[in-house]
Amino acid sequence: MDKNMQQYLDKAQVLIEALPYIQRFNRKIIVVKYGGSAMVDEELKKQVIEDVTLLKLVGFKPIIVHGGGKEISRWVGKVGMEPQFINGLRVTDEETMEVAEMVLGKVNKSLVQMVEELGVHAIGISGKDGGLLKVEKKLSNGEDIGFVGEVRQVNTDIIYDLLEKDFLPIICPVGLDEHYNTYNINADDAACAIARAVKAEKLAFLTDIEGVYKDPSDPSTLISELRVREARKLMAEGYIEGGMLPKLQNCIDAIENGVSRVHILDGRIAHCLLLEIFTNKGIGTAILHGEESRYYHGE
Amino acid sequence: MDKNMQQYLDKAQVLIEALPYIQRFNRKIIVVKYGGSAMVDEELKKQVIEDVTLLKLVGFKPIIVHGGGKEISRWVGKVGMEPQFINGLRVTDEETMEVAEMVLGKVNKSLVQMVEELGVHAIGISGKDGGLLKVEKKLSNGEDIGFVGEVRQVNTDIIYDLLEKDFLPIICPVGLDEHYNTYNINADDAACAIARAVKAEKLAFLTDIEGVYKDPSDPSTLISELRVREARKLMAEGYIEGGMLPKLQNCIDAIENGVSRVHILDGRIAHCLLLEIFTNKGIGTAILHGEESRYYHGE
Amino acid sequence: MDKNMQQYLDKAQVLIEALPYIQRFNRKIIVVKYGGSAMVDEELKKQVIEDVTLLKLVGFKPIIVHGGGKEISRWVGKVGMEPQFINGLRVTDEETMEVAEMVLGKVNKSLVQMVEELGVHAIGISGKDGGLLKVEKKLSNGEDIGFVGEVRQVNTDIIYDLLEKDFLPIICPVGLDEHYNTYNINADDAACAIARAVKAEKLAFLTDIEGVYKDPSDPSTLISELRVREARKLMAEGYIEGGMLPKLQNCIDAIENGVSRVHILDGRIAHCLLLEIFTNKGIGTAILHGEESRYYHGE
Amino acid sequence: MDKNMQQYLDKAQVLIEALPYIQRFNRKIIVVKYGGSAMVDEELKKQVIEDVTLLKLVGFKPIIVHGGGKEISRWVGKVGMEPQFINGLRVTDEETMEVAEMVLGKVNKSLVQMVEELGVHAIGISGKDGGLLKVEKKLSNGEDIGFVGEVRQVNTDIIYDLLEKDFLPIICPVGLDEHYNTYNINADDAACAIARAVKAEKLAFLTDIEGVYKDPSDPSTLISELRVREARKLMAEGYIEGGMLPKLQNCIDAIENGVSRVHILDGRIAHCLLLEIFTNKGIGTAILHGEESRYYHGE
Amino acid sequence: MDKNMQQYLDKAQVLIEALPYIQRFNRKIIVVKYGGSAMVDEELKKQVIEDVTLLKLVGFKPIIVHGGGKEISRWVGKVGMEPQFINGLRVTDEETMEVAEMVLGKVNKSLVQMVEELGVHAIGISGKDGGLLKVEKKLSNGEDIGFVGEVRQVNTDIIYDLLEKDFLPIICPVGLDEHYNTYNINADDAACAIARAVKAEKLAFLTDIEGVYKDPSDPSTLISELRVREARKLMAEGYIEGGMLPKLQNCIDAIENGVSRVHILDGRIAHCLLLEIFTNKGIGTAILHGEESRYYHGE
Amino acid sequence: MDKNMQQYLDKAQVLIEALPYIQRFNRKIIVVKYGGSAMVDEELKKQVIEDVTLLKLVGFKPIIVHGGGKEISRWVGKVGMEPQFINGLRVTDEETMEVAEMVLGKVNKSLVQMVEELGVHAIGISGKDGGLLKVEKKLSNGEDIGFVGEVRQVNTDIIYDLLEKDFLPIICPVGLDEHYNTYNINADDAACAIARAVKAEKLAFLTDIEGVYKDPSDPSTLISELRVREARKLMAEGYIEGGMLPKLQNCIDAIENGVSRVHILDGRIAHCLLLEIFTNKGIGTAILHGEESRYYHGE
């Protein structure tokens, strides 16, 4: 057999190997928190969108929840605003919120555009549309830092409506409080709230780290499988610090409220979503409920 | 009967008088091009949204298509951009398009927010979502003035999907060309294209004038009913000038492609939409197909 | 602004004020017991039908349950029948029942006709159709007074079927017992049984009194809001007499079996239904479950 | 085998023989004009209702259209009205119409009751309900004989709605003109109009004659199969007289407007409907479109 | 009346008498275990298929589960295979299973063919299709006798799908174990498992005996009605022997798991199914849950 | 990057490359004629089933039509039958037909089993089920060679029903004539008739040759793209011989009756279906309607 033919057969083999994974997640909801480097690097951005679109096309029901990343800061500067701080925390005043919403909207439509270009129909919405995300003010250590909200209610109707009509929902984390004021929501929090509300099969966070470490200074301590019980212990014993703390808390909340599995993935790796779902490479950290293995039976 | 009671009875009477109008437009699509002063004045803005929300609640199927108005210019200045001109026309370069899309997105969500506050579920989309508006570059007298597009295809599926799920669609006029580049679309053009595509019962333009005049310098020449035939004659004879020319052309296109009736309304009048639909006040100019009266039989 | 224009704006304002009410009762079932003077006076009759038809058109799901009023007595006389009495009560023998059913059928179709004339599709049925009302003989103080039944079962399927197909159901209170004999049912009882069975949002009795009085001889003692607890107390203490006793008992039964609110309205007031639903006039007596106000939050 | 067992086997055999007929008319609409002696004799009445209910249960879609027969005259007398005549024809003035509608309503509900007793859900409506029958005044030889209408429009929606919900529709021939006045309709005409509008598979008239005769005075001239072409010839040559003339005209109208087959049956024969449909007895006269036999292929 | 006419009327009468039975079993699932002589005799075969097809046409939802009977042994011989035995029991080795499956498939399609010939659409499936029957190995007194399985799971989806699409399902008792090996299933067991899974209204076994006897040697001890309680007692006291033991156990299992009534019928009697369902002949033995009579109330 | 990681990334890349193909054939029907070596070799068999199952899982609607291949001859011998010949052609007498149907049924269920093992629900039917294939006798050069039929009608209802319920239909080529006799059908003919009837997007024949040759003796003359026009020319000029003649005729019939594209594939190549659909390898011969390339635009 010529070498060329062998290459084609190898390709067919890869597709065949995807079969059990495609079958397992058929019609299952997968929430992808999209952020970090994967939103900055154009090549990575393209790959994430390709991954999610493929998931849609092979019969899964992916939902993207994205942040605005560094774009927000860039535009806040561009319009000549002076950042305000309380106790060292940036305050989201009305003007900042306005810019943030505009930037999130821009990012949202650019993602819609990329999905549409791949031939799949997407709808980009914020938490305002259809009353998706209802929030209340979130204090930071008791301090009012402006229009920063935490989700208190998710109206899943609009999500189910869009999924039923076969759209790929792309959601930016802005919501309304009971007086219909606009609030910014941390994208991790929004993704977690949505995944809980729809009882997602998977919630995957695209981050800029390899996963959860027992000792962040030692790459060899990367944890591949982390049970809720173990995660709590790590947190209690002070192994987890900084931005990972609320993220891990979100993971635990999600698992304990009906999400089957949560993943902290390294968004800097090309096609990390496909690798996680379609191979047994085992990248990043999988947060599990009980004692099961992250690898499915028989793999 | 005390005077107070009489007031209540009068109110009941107004509702009863609305009955035949409610019945006539039951489940009919009404496209509202929202722009001009009605987008600037907060009181007028509130009234337009109340009107459209009421139309939705009594069983019509309204769709809002809006522009960005003066906000775009304001933000273009705010971010310190230098406007470019070709033959005296502002050029929509990539950077301007970026700001325009952000501002349109902001306006879009603020309208969603107002509708949601009235208890009705809205979804704000642009022409990118679900492939709604496909465009090609629009030249201005043969000159390329940048990312300004004209609609060449409307994917009505997304509109029907949203209407079926009982959402009020709010659309901003941004679209994609065949290479998936972003284009700005004149809001009048977008409203007209959408109304044609869904064979709307009504297309109403909220403007800053009272209607079409035979002689714009003479308010007494306001035309209440204008047949397509007459409109063509007025245009041919040079009575129509400036911004009214393309608007009237849009009206004619709409009528000749399945829209039952088009209205040029004075958006500066409070509740002008309700007045047009629920009373026989006859405000603005009604563009009609043939010889029928703008007033329905028996009114 | 000219005075004429002001009138139109006032009308628009009335419609806008109806918005929260329209929203609140959207798709809710409202059972209207139609009887008394409002069935005799042609003008009032027209107004009741206009009211109910408007409720239908703006998205509510009204159901009319009507009696035959004085027409039955008139026709019993007309065909030369001798009324029979037991202990002073009129006996509904087979012949009387036959006439009563005929008259109720005539009234039923005349209401259908009026609704159809307003452009809404109605279907007039009796409790025989689709097995809607199954009854058993109702004794009066232990005495058999003929074919007078009380409802023991409501087949709600037919009601939901008609509502789903967007008809306005108009029901006359005749039912069948287990041996398929025909029985007359008190219209109040029938309306109450139906409202309970479909868990109506509202049950409104159109009566010939202003409402419930603490002292019927003193108009100033009209009760605007009456809690179930208070109603029971009034009854126990003997304040309620005559025809109001069973009516109030029906109100309590309805409230305690899933109907959200019951109203005793003065059917002699024009458009009393609209006034009750669309204004905060507060006519008649509202029977409430607990301590809430009859006026909705924020009105 | 004992004689008892043989009887049971004979019964099973009859059921098996019904199999091809049940299959042929599965989900087909069969309009039965019910009138004449079959409405007077209690035993015949019961049998007709049994027949129609059986048709319903085995999967056909029967519709009953009935008249009021001699009951109307009886009640007109009962209420002491003086009949009016124009050119020898009874005039249906408003008062007569009122009584007629009441009697038709009574008959209608009694049929509903009998069907319900057999465990099938029926809904009795008139041509007023759901706008079923729209009429215009029918003159008799140019004379106005009052509220006698001919059908000019059938709103089939209500029929399809009721059939979809699995009800057996029972229809009395009363309709509204464009001013919403009530009119009596000849039951044959109403049945014919309805059968045409729904493209019924069969239209069966229950009459008080054996069928169509070439010579009414000679029973041996009963016609078993009559083609439209032949029927026209018989009429043209004066063989058809009296009440049979309009009836035959109705038959021809029905056949020429999409009804597959029309039958004139002798309603005085027990279970004549079942005999016609489930056996090859060939009772009455079958009106056929072309040259086909009234007996289906292979029977 | 001539004698011929009387015959027709008698036929109509038989149909009318079927009315209450047709009504009672409307849309009810009836599982028929088809086997024994009724599968060998061509005349009986035709009658069984006629019976089941009639049940389908009049609105029931029959399901046939059939065995292969003597055909399997015939073909095992025809292909020259040597039967194997363990402890006197025939062993279903792989080769025997292959032949058995082929024969069952042949029988299956011949039944489909007969139903199709009667104008009803059937689909013949085995327990492999759609994962209908999942089995595990069944030991015989602890001995492995090869590919003989007992049902451990029924995937009712495929049955409901076929019934919804109005097909008559014809099922042969072959299933797959968890390793997707093919197993033969006793047809009685398969019918019982399916009837339990779909909560059938009736499960009827066509057998070669008259029913259950208290003393099999004395035909006069045939039991017409047998309560579960009594059946257990008979079994415990040793009255039941041979093939009747597992059959009766199946009957009890079915009744105790949601099947309303089980019948052991004599398949050698023509149209025994129709006789059981449409008459009060009371053939065979009816297994009942509690103290009710096998004859329905009022028959 | 380590080599292991590169392998995973390569796999992800293969999946991403499949994206446009998955999108193009989303919900499209693909009929696969399965036969030849691919049915004999266990490894090839497994690969074909994997391919078809993958097509199903990624959203296509594949249908398998299979023959019985050499198994039929093997079993005809096994049961000791003497083959009959007319003019050198094997005669399908009743006994042969019986064996053929049994073998086809066995093959059918073994394919169902393999698909089920991969976690997808299949239903195996023959042309008898649901009246799928109606045939008439096919003569061979005017000679009656027994129960060999050609398809004269395809009842697509059953196919659409099974596809709607998400089953993978596996069809064996047996049908019934108008007298409900069983006939064998050439599997190519059956696949072609079914593909035409459902207007399949693709019809793929798995064969034991590489494709169509201009000169069968010269492998270098393999034709990659063949227009209908060219195919006719090749046939007319005598380049096509033997079994390829009727196969090519089937291809032309299919293309001319609504099938978009037909492929003659070499079933001896592993995963030839996937290679054809998901790569631009261009294996076998593609039969095209007009002048388009077999490679889709932009590939």
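So that you can tell them apart, the chains are marked A, B, C, D, E and F in the order they are listed, and the count of residues begins at 1 in each.
Everything below uses one rule, namely that a contact is a pair of C-beta atoms (placed from the backbone, for glycine too) under 8 Å apart; a residue touches a chain by one contact, two chains touch by 3 or more.
Note that this is a predicted model, so its numbers are computed, not measured.
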In contact with chain A and with chain D at once: which chains are those? Just list them.
none
As a multiple of 5 degrees, what angle does the CA superposition of chain B onto its copy chain F give?
120
Express in whole angstrom the distance between the two chain centres, defined as the mean CA positions of chain C and chain F.
68
Using CA atom averages as chain centres, what separation in Å is found between chain D and chain E?
44
Using the average of all C-alpha atoms in each chain as its centre, how far is it in Å between chain A and chain E?
55
Quick one: chain E and chain F, Cα centre-to-centre, how many Å?
37
Using the touch definition from the top, which residues of chain B touch two or more other chains?
none
Testing understanding: with touching defined as stated, what is the shape of the graph linking the protein chains, line, ring, star, complete or other?
ring
Could you read off the chains around the ring in order, chain D leading and chain E following?
D, E, F, A, B, C
Can you name the residues of chain D that touch chain E in the complex?
5, 8-20, 22-23, 26, 47, 50-51, 53-54, 57-59, 118-120, 270-271, 274-275, 278-279, 281
In the complex, chain C touches chain D at residues 75, 78-80, 98, 101-103, 105-106, 108-109, 112-113, 116-117, 121-126, 128-131, 157-158, 161, 165, 167, 174, 176, 180, 182
